[in-house]
Each structure stands twice: as structure tokens, then as C-alpha cells.
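One chain, chain A, appears in both complexes that follow, with chain B as partner in the first and chain C in the second.
This part shows the complex of A and B:
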């Protein structure tokens, strides 16, 4: 499976989450490489780590406002930190599920984890250029970052 | 195989044959038994009648005596007479019934019985008329007188008949009794005989029934064993079909799939609708219509006995096909499937089915491709090293630096906001220009390995540009290839750094590269623009079968801030001139022109008006109609606009992104990027482009550049 297909799987997972869980489609911007500095991290980030045929990290990072509106769309009234963490965790879980289904046994995918705070540093191999896929939803902007060698 | 099949049929039929035979025998025995029973019944009836008749002679004697004494005593004799008549008629009827029973008992034709029966008839025939004479008298036998009753004539006649009957009675009755006794004896024998036969039949029938029961039990046990074996075999087949990784199925002559297929088939084909589905319907969503038609022809050919299936397998269109399956979460999954077919023949050697075997060979194909790619990359790396060794280190470093900047610019373009279709296409064209420039630079330095690598990215950009609609998702392949290209050029940069370290040290370089190459490297200084253009023109002309002489003037006077831009511009335009402007030698000769064309590149200082960079060729001129046709074909202008356009506006179309009049795409032309990039570069520098052309004579591009180079412009082209 090529890196291109793998990124496609992750993008499809995120878009599908917006279509089905949030019931309002998101739009993918033009992907680009994070050169020179680490990609921007928003308030909440759900990530999975991958080893095996490829190594690296894939994460969905979104601002608090966006996640709060997503929760509202999902008929949730609890906008607590825990619930926002659960939401990005759920997106990361979708990334993990799709990856497990599509990539096969050559990939080992970690349990999804969640970090909060825009000053968080997410570690990745310095030999790798992260590919940032902008995810636009309503007036909000999130990023899907794929950093695999 | 044939013998085994035959045995199988016999084994199946044997219980039926045995059961039928035994049933026929039993039926026969029962029929015979019934017949014997019927005969026995008739014989018994006849015997009973014969036995009953044996008492009648004595009865007749008694009744006759009663009549005689009645006549003598002049008493009433009507009753004994009636009894005689009734007994006689009863005897006659009994004889008739005996005859019927004898026929029923199958004794009608028996000689002994017939003889006895004849004797009885004869004896009865002698006595019966005497009885008839007696019992047929009517009227009163007495006449009353004064002296009492006397026999009248009737009485006397009756008495005479009675006396006669009594006189004959002893002898006749002895004959009748004897005959009846013989008949009874004969009938007793017959009853015994029929009873014995019936017993025999019943015993044989019982024995046959017992044997049949035993055989049926045997066959039932055998059938159960066979059924157990069949169930076991069925389970084993199910285990095999459930475990095997290949998709196995059978096709009948209608090319429909049977009920039995391996579990993997539905997994490989991503469908549960397999049973009773036609093979064509199964393939339709997987392959293009043309491949489907060819595949069906191929499968139909396999039914022809004369066709050698191993030989025809070499043209199997389904030997390896790439198919797309929709993924549940959206998107598609590309898989490679391999179909193979084998004839399945019956015992008579006739083709009954085709065994289809479908395998998911995606992993194998990928490994094979990776291997091929690895080989190609190794070769490309070797070629690259050889090419890099021929380029001066400083020049190579400059190229790598410029390329890296161009790729970063591509990335910056992608990073810009903008999700609308027009914005995405603008980004696409921006990336296109940068990439094309890198390719042009690489080509000019004869770094074909790098040019080829950049060409791959260009291919992806072309594919995207030709789509009717594009979205951000479509840029994923672009950014992946951009990443790969950056890594690739990073490696080239590292090589260039090392090369620049060793290049001044001739002895050291000689130790790491072949002497001839080392000498070339030492001799080579950074080539001038004129040298680069000469190389570009020569290679492009050679590739297109043209003869071109390059004439350059004033290029060494190009100010430093303009050198990079002038280099990019002139490379593009000189290559364009050779590909599009210059005719082939034959065409030039037929147009009374020199077979060797001229391309002139000049740079002039126009004082306060700035600089003028000119690229000119003495070719066929700009083809007005072809430009317009190409613009219409690519949708750059509407037909209505095209009809209103003046010639200068039409010529201006050649600077539009995506424009090209080339029919085919080559490394030198056809992308519709070169002049777009030139135009953009000139605009970025604050300059302008003018075109002068004459059909069949020349085309001249004059690029006016401002005298003072702005910081922004310099930064853009640096």
C-alpha cells in the first residue's frame, strides 16, 4: 500500500466521521508539507502511533470552538474538557479502525491517545516531513497530520 | 475412471434390481398360492357335495318304500313323492355344482376324475328316470268304493313304477354310491395335492420374503455406510472450500456459477451475490467493457475441445487485472486479481464445467513492482551519479539550491488558503510552473535522471489538470510526490556538497572517479548561458529531427540579478522555438529555405528603457489557426470569444496556463507550461513580452525588462 493510499484512508476516515457522526460534511484543503517547523497543534489532539511497515504518528488536531460546535451538532450539552477529549479521541479511534481494516497485518497501530493544549509538542522522526491535510468545517479549521516514514 | 463410474452405477442399481426381482418372485408365488387356494376351495366344495350325495341313495329307497307302503295301506303319499322329486332335483343340481367345482379346482381335465364322474352320471342316468316316473305321477291313486278304497289305474301305475324303482334301487344306488365314493376319494386326493402345493408356495414365499428382508437390511446398512462416507466427504470438501485462500468456483455451459464455491470467493470479489450469478455479471463491475467482452470470448473458447487450454492460457485477459472495490468508509481499494480456468471433464471425457480459480495477487504484484522499482531506482541512481559527476560542483549546488527553493515555493502555494475550484486550479498552475522550470534546468544541465524524476510529478499534475473537477483530496498524490522529490534532491544536494569538496583536489578526485571523467570534470567550468542554450538546442533538435544553428549575442552582459530569470526564459523559449517554430529540413527545403534553421538569442541594453531580451527563429511563424483550435479544444476561450478575437489576442493565448499546440506530450513540449512560466517570470520582474511573427518566415519574442531590478523581483528569481 502506498503512502498516498494510506493518507487517503485517514482522510476518508475523518470525512466519514463528519458525514455520519456530525452529520455535516467537512471539506479537505490542499495538503502541504510542514517544512522547517512542526505543524500547528490546536487545543485538542487525538493521535495514533504506527509501527511495522511504516513508523510514525497520525493525528487530528482541532480548536476547542470547532469541537464544541461538533458536540452541539451531536445533541451533546456537556462541553467539558473530558467530553472534548472524548470527541477527538473518537476521531482518533476512527483513524485507528480504518487503518486496521485497510492496512492489514503489516501495520501495528497503537491505542488512540489524546493530548490537550496548543503548546503541546508531538514527537516525530526528524527524517520525516509531516504532511498536513487541512480539514475545514463551517468556519473552523482543523488539521489531519500524517507523519510516516 | 470409466470403470469406476460403471461400478458406481451398478452399486446404486443393485438394491433396486434385487428388490424388483424378489418382488416379482413373491408376486408369482402369491398368484400361484391364490390359484391353489381357489382350487383347494373348489375341490373341498366338490368333496363336501360328493360326501353329502352319498346319503341320497338310501334316502330314495326309504322314500320309495314309504310310497309303496302308503299305496298298500291306501294312505296319503303326496309327501314322500314330493320329497323324492325334491331330492332328485337336488341331486341333479349337486352334480352340476360338482362339475363347476371340478373345473374350478382344475380337475376338469383329469382323466381319473372324468372317468369317475362319467360312471356317476351313467349310474344316475339309469336310476333317475325311474324316480322321474314315480314323482311325475299326478292325480289321486285311490278310488273309494263301498268296500273301501282301492287302487285306481293311476295308483296301480304308480305302484308299478315304485316297484320297478325299488327293484332297480339296490343296483343303481350301489353304482351311484360307488361312483360317489370314487369321486370323493379322487377329490380328497386333489384336496391333499392342492393343499400341499399351497403349503409349498407359502413356504417358498416366506423364504423369499425372509431373504428379501435380509437383503434389504444389508443394502440399508450399506447405503447408510455410503451415506456416512458421502457426508464425511462432503464435510471434507466443505473444510477445503472454507479454508483454501483461492476463490474456487464452477461455471456451467451457460457460464453461470454453481452452488458450490470456496468461502474466499466472496471475500476476494467483495460480493455475496455469487450463487447462480452469470460470470459476465460478476465481472461487469470489476473490469472495463472492452476487457469484459474479451474475457467472455476467452472463456467461451475454453469450451471448444480443439482449443488447447494451456496454450490459450497465455492470452487470458484476466490473468492479472487491477480492480477497484468501494470501501465502506468511502474511497476505493485497488486490488490485483488473477483468474485461471481449467476444464472439468466427465467420465466420458466431455467437458462438463470450467473450474475457475481467482486469486488476490495484490501482494505479489506490489512486491514485483517494488522489485522493479528498486532495480529502476538503482539504475537511475547509477545514471544520476554518472550525470552528476559531469556537472561542476558549484553549478550542481546552485541547481539544487534553486530547485529546493522552487519546491518550497510549490509547497507555499499549496499551503495558501483557497478551496474554490478556481483557486485550486490557480494553485495547480503555480506548482506546474515551478516544477516545469526545475525540469527545464535539469534538462539543460543534461541531468536526465533528475528531469525524468521531475517529469513523474508533472505527470500527476497533468492528470489532475485534465480532470473536470478537482478538490483538495486530489492534491494528496501531488504532495506525496513533492515530498519524495524533495528527499531525492536532498540526496543530490549532499552529493553536490561532497563533489564540491573533492573537485578542487584533482589527485583526490582521480582516486574516486574514472580518469577520463575526472579530466572532464576538471576541464569543465560553470557553463555560460550560451553553452547551456547550445546544448538545449542541439539535443532538442536532435530529438525532433531538425537542423538548427544557434546564434547568441550579448548574453554575457546580462546583469547578475537577471541571470537566473534570463536563463529560465531563454531555455524555455529556445526549446519552444526548436519544437514548435522550426520546420523539418524537408519542409524547409520545399519552402526554399535553408535546411539548417536559425535560432537567435540576444540581450541588449536599451539605456533608460531598460533591457531587451530577444529570442527569434526563422521558422514557420506562429500558427494562428492551430493556436485558436487548441485554445478552443482546451476550453481556454469560448467559440463566441474566438470569433471576435484579433490576431494579437490569439497570439497572447500561448502564454495562458495549460496551453499547448503539441499533439503529444514529450519531455520537451506538450505540457503547455513553458510560455506560461516565461510570462509569469517576466511579469514578476516587472517586464513585458512582445510578439512579432510572419507566416512561414519568423517568430520573434521581445522581452522588455526594467533597468533597475527591484528587490522583490530579484528575490523571486534568485
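This part shows the complex of A and C:
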């Protein structure tokens, strides 16, 4: 499987989440390589780590405002930190599910984890080049970052 | 309790927003929600107290995962009907859940209609 189709699997997971759970589509921007500096991390990040045939990390990072409006669209009234963490965790969960479905047993995928804080550093191997896929929804901007060797 | 409600539903998911979404989505008149659990161990404890006839079950959870919980619930009550609701959409996971005794499988993310349709199927089957 090519890197392009591997990225497509993760992009499809995020778009499906917006289509189905949020019921309002998101738009994918032009992907780019994060060279020279680490990709921007927003307020909440849901990530999965991958090992096996490929190694690395894949994460969805979004600002609090975007996640709060997503929760509203999902009829949720509680915008607490716990629910915002839950939401990015659920997006990461779908990244994991799509990867298991499309990649099979060649990839070992961790349980999704969540970190909060835009000053967070997401660790990845220096021999990988993170690919940033901008995700735009309403007036908000999030990133899907795929960092696999 | 409403006598017309013949089915008692326990919702099991480690995500609060997912538990609440399933709770809000459920609009089948015959179904009464009797409990919400955040992991398999809580589900087993609530099963003792509430004796559900239907369960929605997440798979990836702390303490005790959904597959083990399905197996234990079916061991306690072979007639219990369990709908697995998970983002782990690969065939092997679905087959494993069904082999352990689950009655249906719904992939996350889902719409309100999808969860209701899946619960109706579970009841009718």
C-alpha cells in the first residue's frame, strides 16, 4: 500500500466523522510536509501510535472552539474539558478503526490517547517527515498529522 | 416503570459523549434505559443491579474491554442481546465479538437513526 493511500485512509476517517457524527462536512486542504519545525498542535489532540510494517504516530489536533461547536452539533450541552477530550479521543478511535480495517495485521495500532494543551510536544522519530493535512470546518481549522517512517 | 417497556437497556462506553449520544438517540417506546457504564467491570456490576435485556457495548475500554464483558454477560444470561458499537470496524473484530455472543455490530461513528435501527433489529431478532 502506498503512503498516499495510507494517508487517504486517515483522511477518510476524519471526513466520515464530520459527515456522520457532526452531520456537517469538513473540507480537506492541501497536505504539506512539515519541514524544519514541528507541526502546529492545537488545544486538544487525539493520537494513535503505529508499529509493525510502519512506525510512527497519527493525530488529529483541534482548537477548543471547534470541538465545542462540534459537540453542540451533536446535541451535547456539556462543553467540559472531559467531553472535549472524549471528542478528540473518539476521532482518534475512528483513525484506529479505519487503519485496522484497511491495513490489516501488518500494522499494530495502539489504543488512542489524548493530550491537552497547545504547547504539547508530540514525539516522533527524527527519520520521519510529518505530513500535515489541514481540516477546515466552518470558520475553524484543525490538522490531521500523519508521521510514519 | 412503564409496563409497555419490555426491554431494559444498559449502555456501556468509556466515552461520556458516546453514552449520552446513545441515550439521546434511543427513542424506541418499548425500551427503557436502566444504566450507563464506563467500562466492562462497571457493566457487570450494573448487570447485577438492573438485569438488562439489551446492551450496547463499546470494545476499547479500560479495566475490562468489551469482548471480555460480552463473554461474561452472555455467560450470566444467554438470552441477553448485545449490540457492539465500536470504531474497530475490521472483519476479524466483528467476528470475534459475534463468536463471544454479541448479537449485532454497529460501526462508529453512527447517526441517531442507525443506532435506533440496530436496536430495533436486535429486538426483532
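Operating definition for what follows: the second predicted complex is superposed on the first by the 149 of 149 C-alpha atoms of A that agree within 3 Å, B and C clash if a C-alpha of one lies under 4 Å from a C-alpha of the other, contacts with A are read in each partner's own complex, and residues count from 1 in each chain.
In the analysis below, contacts are C-beta pairs under 8 Å (C-beta built on N, C-alpha and C of every residue); 3 or more make two chains touch, one makes a residue touch a chain.
What you are looking at is a predicted structure, and each value in this text was computed from that prediction instead of being measured.
K.L.:
Taking chain A as the common reference for superposition, should the pair chain B and chain C be classed as clashing or as fitting?
P.N.:
fit
K.L.:
Is A:27 touching anything from chain B or chain C once the two structures are fitted on A? First, second, both or neither.
P.N.:
first
K.L.:
Of the partners chain B and chain C, which touch A:115 in the superposed model: first, second, both, neither?
P.N.:
Neither partner.
K.L.:
Considering only the touch criterion stated at the top, classify A:16 as touching first (chain B), second (chain C), both, or neither.
P.N.:
Both: A:16 reaches chain B and chain C.
K.L.:
So after the superposition, what angle do chain B and chain C open up at chain A's Cα centre, nearest 10 degrees?
P.N.:
Roughly 70 degrees separate the directions to chain B and chain C.
K.L.:
Which of the two partners, first being chain B and second being chain C, lies in contact with A:69: first, second, both, or neither?
P.N.:
Neither partner.
K.L.:
A:89 contacts which: chain B (first), chain C (second), both, neither?
P.N.:
second
K.L.:
Between chain B (first) and chain C (second), which, if any, makes contact with A:79: first, second, both or neither?
P.N.:
neither
K.L.:
Let me test your reading of the model: by the given contact rule, A:98 touches which partner, first (chain B), second (chain C), both or neither?
P.N.:
So A:98 meets both chain B and chain C here.
K.L.:
Considering only C-alpha atoms, give the closest distance between chain B and chain C in the superposition, rounded to the nearest Å.
P.N.:
9
K.L.:
Taking the contacts chain A makes with chain B in one complex and with chain C in the other, which residues are shared?
P.N.:
16, 98, 101
K.L.:
Sort out for me which residues of chain A touch chain B in the complex.
P.N.:
Per the touch definition, chain A meets chain B at residues 1-5, 7-9, 11-13, 15-16, 19, 27-33, 35, 98, 101-102, 129, 131-134, 136.
K.L.:
Within the complex, which stretch of chain C touches chain A?
P.N.:
Where chain C meets chain A, its residues are 15-18, 20-21, 24, 60, 86-91, 93, 107-111.
K.L.:
What does chain A use to touch chain C in their complex?
P.N.:
Listed in rising order, the residues are 16-17, 20-21, 23, 71, 74-76, 78, 82-83, 86-87, 89-90, 93-94, 96-98, 100-101, 104, 111-112.
K.L.:
Across the complex, what residues on chain B touch chain A?
P.N.:
Answer in residue numbers: 327-331, 333-334, 366, 408, 411, 414-415, 417-419, 424, 427, 471-473, 475-477, 479-480, 482-483, 486.
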